[in-house]
Structures are given as C-alpha cells and as structure tokens.
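Here come two complexes built around chain A, the first alongside chain B, the second alongside chain C.
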Partner chain A sequence: MNIAMNRIMKEFKEVVANESNGIELHMPEGELTRNPSNSSSNKKEIYLSGSLLGPPDTPYAGARFHVDIIVVDTYPFNPPKVRFTTKIWHPNISSVTGAICLDILKDQWAAAMTIRTVLLSLQALLATPEPDDPQDAVVANQYKKDRKLFEKTARHWANVYANGPTPEPECDAAVKSLAEMGFDEEKARAALSSMHWNTSDALESLCKA
Partner chain B sequence: MTSYFDEHNCQPLESGEEPNHLLDLARLLLDSGIGAQFQLEFERIFGNVDGRKQPPAAKHIIENLPLINYFNNDEKCSICLKEFQLNLTTELPCHHKYCKICIIEWLKLVNSCPMCRIEFETDDKDYEEYKKQKQRLKQRQVELDDLHNSMFS
Partner chain C sequence: MDQTEVNLEDFTCSICREIFQSPVSLSCPHTYCQSCIIGLRKHSDPLSTSESIPPVSSLRSGSFSHSTHVHQSNQCFVCAICRQESLGYVRYRELENQLNTLETSCSNCSMIFTLSDLRKHLETCLPIKQHENIQTIPGTTIRQLSDSQTKALQLAQAGDNRSTFQCPFCPRANFSLTHLRQHIKKRHLGEDQRRVCPICSSMPWGDKSMISSNIYQHIKNRHQFDYDTYVNYEQDEEAMMREALQASLYNQ
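The block that comes next holds the complex of A and B.
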C-alpha cells in the first residue's frame, strides 16, 4: 500500500473525530481507487467527496456545499484536486465548472496539510473572497462594483442549490418569468446573475447563445 | 597579471570574425540580475499571477540532514502521519521533525519546511537572485517609510 492510501486512512479518523466545524468527508461506495481516465498508466487516484457548511454572517450561511476530491498518487507531496459540485456564486469559484482558485491547491501546497485543512480553507475562502485573484471574472466584477447585488445573488444561489435558509423572492420571480418563456431554469439563472438581474439584458444573452 | 580576456571570460576574436553583439547583450543582462528585476516588475504590474514556483532545496542540504533520536513517543511525522522511529528521524534547521525519507522526497520538490514554510537555500541561481532582489525591494520600502515617517511625524 502506498503512502497516499496510508495517509488517507489516517486522515479519515482525524476528520471523523473532529466534525464540529461543519465539514464532512465521505468514502465513496464501492471502488476507492480508479485509474485516471486520461492515461493508461497504473497510477491510482483516490476519489473522495466532502462537504462544508457555509460560514455564518456570509451569504452562504446555513447552506451545505459539496466538493469532489481526487487524491493523486503522489499525495501528500502534491495537492489533491478539489472542485465544487454544488453550484455556487463566488469570485474564486467558477459558476460554471466549480473549479477553485486557491493558492494552497496550487503552488502554496505543503505536505503537512491534510484534506481536513483543505476543507477548512475552503470554508475560510467562502468567508473572505479574493476578488483580485478571481476564477470567475463576472462574479469578481460584481463583487467589486455592487457588493449588495453580489450578496443577494450568492444568497439566492445558496438557497436554490445548497439548501440555504434565505430565499430571495425577487430573484425567484425573475428566473420563473424566463423559465415560463421556455428557457432552461439553470441557464436563465446564470444569465440573470451575470446581467445584474436585468431581465431584458439576460434575455438578449440567452438568445445569442 | 590576468589578461583582459580571462577577466571577462571571453576569447579574442579570430581575424575576420565579427563580434556577436547579441551574445554580449545576453551576457550583460544575465550578469546584472535584470531577469529577476523583470519578474518583480511583472508581479508589480500584473500581481503575483501564479506565484513563482519554488525550486527544490540545495543538494547539500538534502545530503546533510542529521539523524536525531530526541522525540516523544506520540510525536508524529506530519507528512506520513506515522510515529517517529529511532534512526529514521531528522530535524530541519527550523527544528521541525520529519521521517528522513519523507522530508527528502519533499525537499526534492520544494525548498521550504512544510510546517512553517521557512525557505532553504537552493541550487537555482536564478531563483537565489530573485530572492535577493525581492529582499532589496523590501528593504528599500522600509527605508522609504522610515524617511517618510521622520519627515512627517
């Protein structure tokens, strides 16, 4: 058994013993390891999933966000690959793919970090976005130019996609009006969010696509 | 007495040979550390885009890691999360302890301690120059601030 698998087993005990921060780590059902889909090598990757509770006093408060975690063969010498599977409106997370821009998942990774510290860092990222180092430029722009609107949009996404406790009736109504015209609800929501909830601008961008 | 050519690490031109100005210019730029300056200037304008990748630690550091046998029974290596074993444990200059094989594998990738991120020497001349320039820039900023404070407070 290699060091990656050994460490993940030890880490599991650590997270299970420390669930007070609203983070969770799950083993997949069935096969734990898979060969990377894009290569024929026999390097095994470990597929895990986790979730974190949105931090208090943010638009994400009370909502639960799920992430996919791929532990590479060379872990802990290289960082795990992490991606949000729950849709989220945040400057450092792609609203389309869930890709995350966070230094510790790239060049600032250190071998002493664990999956638990990664999940806690993601929680911290939700509380303190870095709009100057964005993953999603549209969201980052909105964050910088109209903080109130950003918070409303983020709260709406958290309510719809992550069981967040606070509905935004205006947003719901705008999405519903476009959905009734026959547009896909998810696409309508993305277009409205990018167009500062201006229905005619959103309509135009939906028709162009 | 050393000749002009020895001192400048170049050779006299053969008869009929033209000087290679491009090579001279490249040499001049490298010697003046301007590469590192460009990097810093780039970071100032565009931000630290994906950071400069830290090179591995210097070979002599990796080769001269000491073996230590002073640790508590429940102390663990933060890389493999296993308890330390006699004659297999080492300590970095920052006093963080690791299994020797674990930290060697890490230092072959990155020149810093995984716990405190303190940086160690590297064999990468370019990176060492970059670090020095960065230090100088910081020092200059401190001096400017001091000057400013002494004038306006």
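The block that comes next holds the complex of A and C.
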C-alpha cells in the first residue's frame, strides 16, 4: 500500500502545482482509503475524483466531465480504475455506466504513467474517438454512419450533463415532448439518442422496456 | 560541485517518483530504484516484494556498457516506460556515484545535501510555516535551557540586553544577530529546526511560547536588521518596521 499511497501524494502535488490543461484532481473529504466492496481481503483502495475540460473543436468543447478514480493497492504496477460519472455520448465510453474503453487503462498500462497522464489521455480520447474499438456499440454505429447526428447528440449531452455552452433546441424539444408524456427525462434522452432522434421509434423502445 | 546544474527530474525514479535509491538499469536502458523494479517482474504479484533476486557475480558479455556488475536471474522485467522486456538488470554504478557526490539544495529549507541524503531529508522536511503554536509540537522538542542561556534570557527579558542572543541549539550565548545567523548555519543546520526564537522572545512584544518550525529561515527572513539600531522598545514591531523603512528612504 505504501508505494501506492506515496506515489499518489506526490502526483497530487504535481497536478495541483502545474496544471493548465483543464484537468483537475481531487482528494475525497474524510477517509482516503476503503476496502473494496466486493472482496473480504484487507487490500485497501484509494478513492479519488478528477475532472477534465472537453477539448476545443469537438462537441465536448467547454464542458467539464467528472471521473471517479480508484487506485488499486498494486498501483503503479496495475492501472487505476477510471469511470466517467458525468454522462457522455462517445463511442468509447458507455452512455449507461460511464465505463471507458482505453488501452492504457488495460493491457497497455505502464508503471511510469500517472493519474495526470490518464486524465490527459482521456482528454485526447474525447478529441479522437476509436469507433472500431467501441465501448458503446450504438454510439459507435452512429459515429460511423451519421457523423453530423453524432456530433449533435454529443453536444446536446454535453450541454445537459456537463455545462456545455451550446444548447441543441431540437433535441431539448424532443426530450421535453416525451417527458410530458410521463417518461423519465434521462431515459427519454437515451432512447431518442439511440433511435437517431426519431420520436416514434424512441417511444416504441421506451414502451418495450 | 556546481549546485545549480542539478535537475532533480534526471535523478527521479519514474515508479516511486523519488530520487533514485540503489539505481538499476534494464537493457532498454531505463533506470529505476532496485526496490521499485521488483514490481516490474513479468507474471508476478507486484506486492510480493519480500523475495529478493540474488546477484550473480559472473559477468555477462557487453550487453550493459555502463556497469560491471550484472545481476543475472531468470526473471523477465517489463520496462515501465517503453514496455520492452529485459532479462535481469544491472546496477548503475556511475549514477550511484553521482547520487553520492552531486549536491543540491532542498526546495523547502534551502539546506544543501547530496542527492542521496536529500531523498531521506525530503521525507521529513515540510514547507516552511512562519510560526507553529506550541501545542502542536510534541513535548520532546522543548529543551531545557542551559545556565548561560537562562541568564541571557533573564537579562534580555529584563530589558538589559537586547543586542546579543543565546543560541537556541547549544549552550553558547552572547551572539550578535549576524553571528547567531552564521553560527546556526555552520553548526546546527542538520538538526531539528523547531526552536523558540531567542530574538523574538527577548523583545517586549515577543511570544516566548512560540516555536518556529524552521528557526534558521525564521531568523534569516524575520530579523534582517539589528534591533538596537532602529528600535524604540516602547513601540510594536510593525510600527518600527515602518520607521526603519522610512529611514532607509531618507538615507538614499
């Protein structure tokens, strides 16, 4: 545990000391370490949270996305577990769970990498999606088949969930109309996004669910 | 040795992000601390650091140019930077020598250390705080004053002697401000720097229970002029500082 904790303390200072790339790293208040919920062993994990600013010239520009970072006790020899807590429309990030498909968080991790490099890589991932190695097949499909619609949807999600600067009035109206029928707004938005903003298709999928 | 040339980044292990300790190289040839490299073994539990890898004295032919000492083992290491695999590792003697000879100053307290001593020092050196309240300091750091110090302190507090001071570390007394600064720099920089400032405590406004967390820095920054020159002991310190500054303007 010691090496993981010492490294995190040093990295924390580094991020705080020199960050101009729109990434932030936060320590939780109170207890820093917890036992993993699914295990009975006494291995400790460090829970951090971070955030990154959407890169310019992308649908995510100007929006701030938050991530949960779990540092395992074998860090830095094993990668941290990272997940988006802000909902996001992106081929390599699950629109439901926030799970991320990124090689350096899996087999391409190297011990010299840091939380800072992870956050910067996530920022790069937002700028250059990899639709051929998708986490969210529906989003990836839309990205490949109808780039304009994908960008509109991503911008709408960024505006609604991440304080993005550009509203998409058509999307807002479509979500509102379904919400007025009594559907949960978040579910309505997810259904519309998956059904290429076709209201009757979205309605059908909402009724089936 | 030239102190300004040292870039700490060049001597930092990218696994623990501290100054190298017993540096070893892989064949790529990236360098890490010997204790950090154990986590890089392929197909191993990174936490079982208790097993050590026995060094073998036989030399392997020229694959590692900068060392004569080869640790051979059947272990395969995956580099943390380039992911290249290496069989075994070598001690990096040249770097080890540099760590023991190159000197640089601590960014917190500006004391000068060799790089290997700086690593140990950084574990305990905290960023300077001007004053720390006495309650937060464990009792062990509060020392008994020697006889000469007690006498000097009594004199000072009685207002009889405010131009010379006792050393907060050793029994010597009767230092002028400049000499006290030089004395601490020469004799006591390696010691725990948490001390009551003898200058502050001999002044009528001084708090005798305040412990400076770094006495040398405190004296250097806080007491930059001999009080006798400017001080009217009836005034408070701020007013005097203003007066002193004004006087310095008129002098120009």
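Basically, the second predicted complex is superposed on the first by the 208 of 209 C-alpha atoms of A that agree within 3 Å, B and C clash if a C-alpha of one lies under 4 Å from a C-alpha of the other, contacts with A are read in each partner's own complex, and residues count from 1 in each chain.
Here is the rule we go by: a residue touches a chain if its C-beta (ideal position, glycine included) is under 8 Å from a C-beta of that chain, and two chains touch if they have at least 3 such contacts.
All figures in this text were calculated on a predicted structure; none of them were measured in a lab.
Aligning the two structures on chain A places chain B and chain C in clashing positions. Judged by the touch definition given at the top, the superposed model places A:D133 against chain B, while chain C stays out of reach. In the superposed pair of complexes, A:A112 makes contact with chain B and with chain C alike.
Look at A:N6: by the touch rule set out above, it reaches both chain B and chain C. By the document's definition of touching, of the two partners only chain C reaches A:D73; chain B does not.
Contacts of A:D103 after superposition on the shared chain: chain B is touched, whereas chain C is not. In the superposition on chain A, the residues of chain A touched by chain B in one structure and by chain C in the other are 3, 6-7, 10-11, 76-77, 108, 110-112.
Of all residues in chain A, those touching chain B in their complex are 3, 6-7, 10-11, 76-77, 103, 106-108, 110-113, 132-133. By the touch criterion given at the top, residues 47, 50-51, 53-54, 78-82, 102, 105-106, 109-110, 112, 114-115, 117 of chain B touch chain A in their complex. Touching chain A in their complex are the following residues of chain C: 14-18, 36, 39-40, 45-47, 79-83.
Against chain C, the residues of chain A that register as touching in their complex are 3, 6-7, 10-11, 73-74, 76-78, 108, 110-112.
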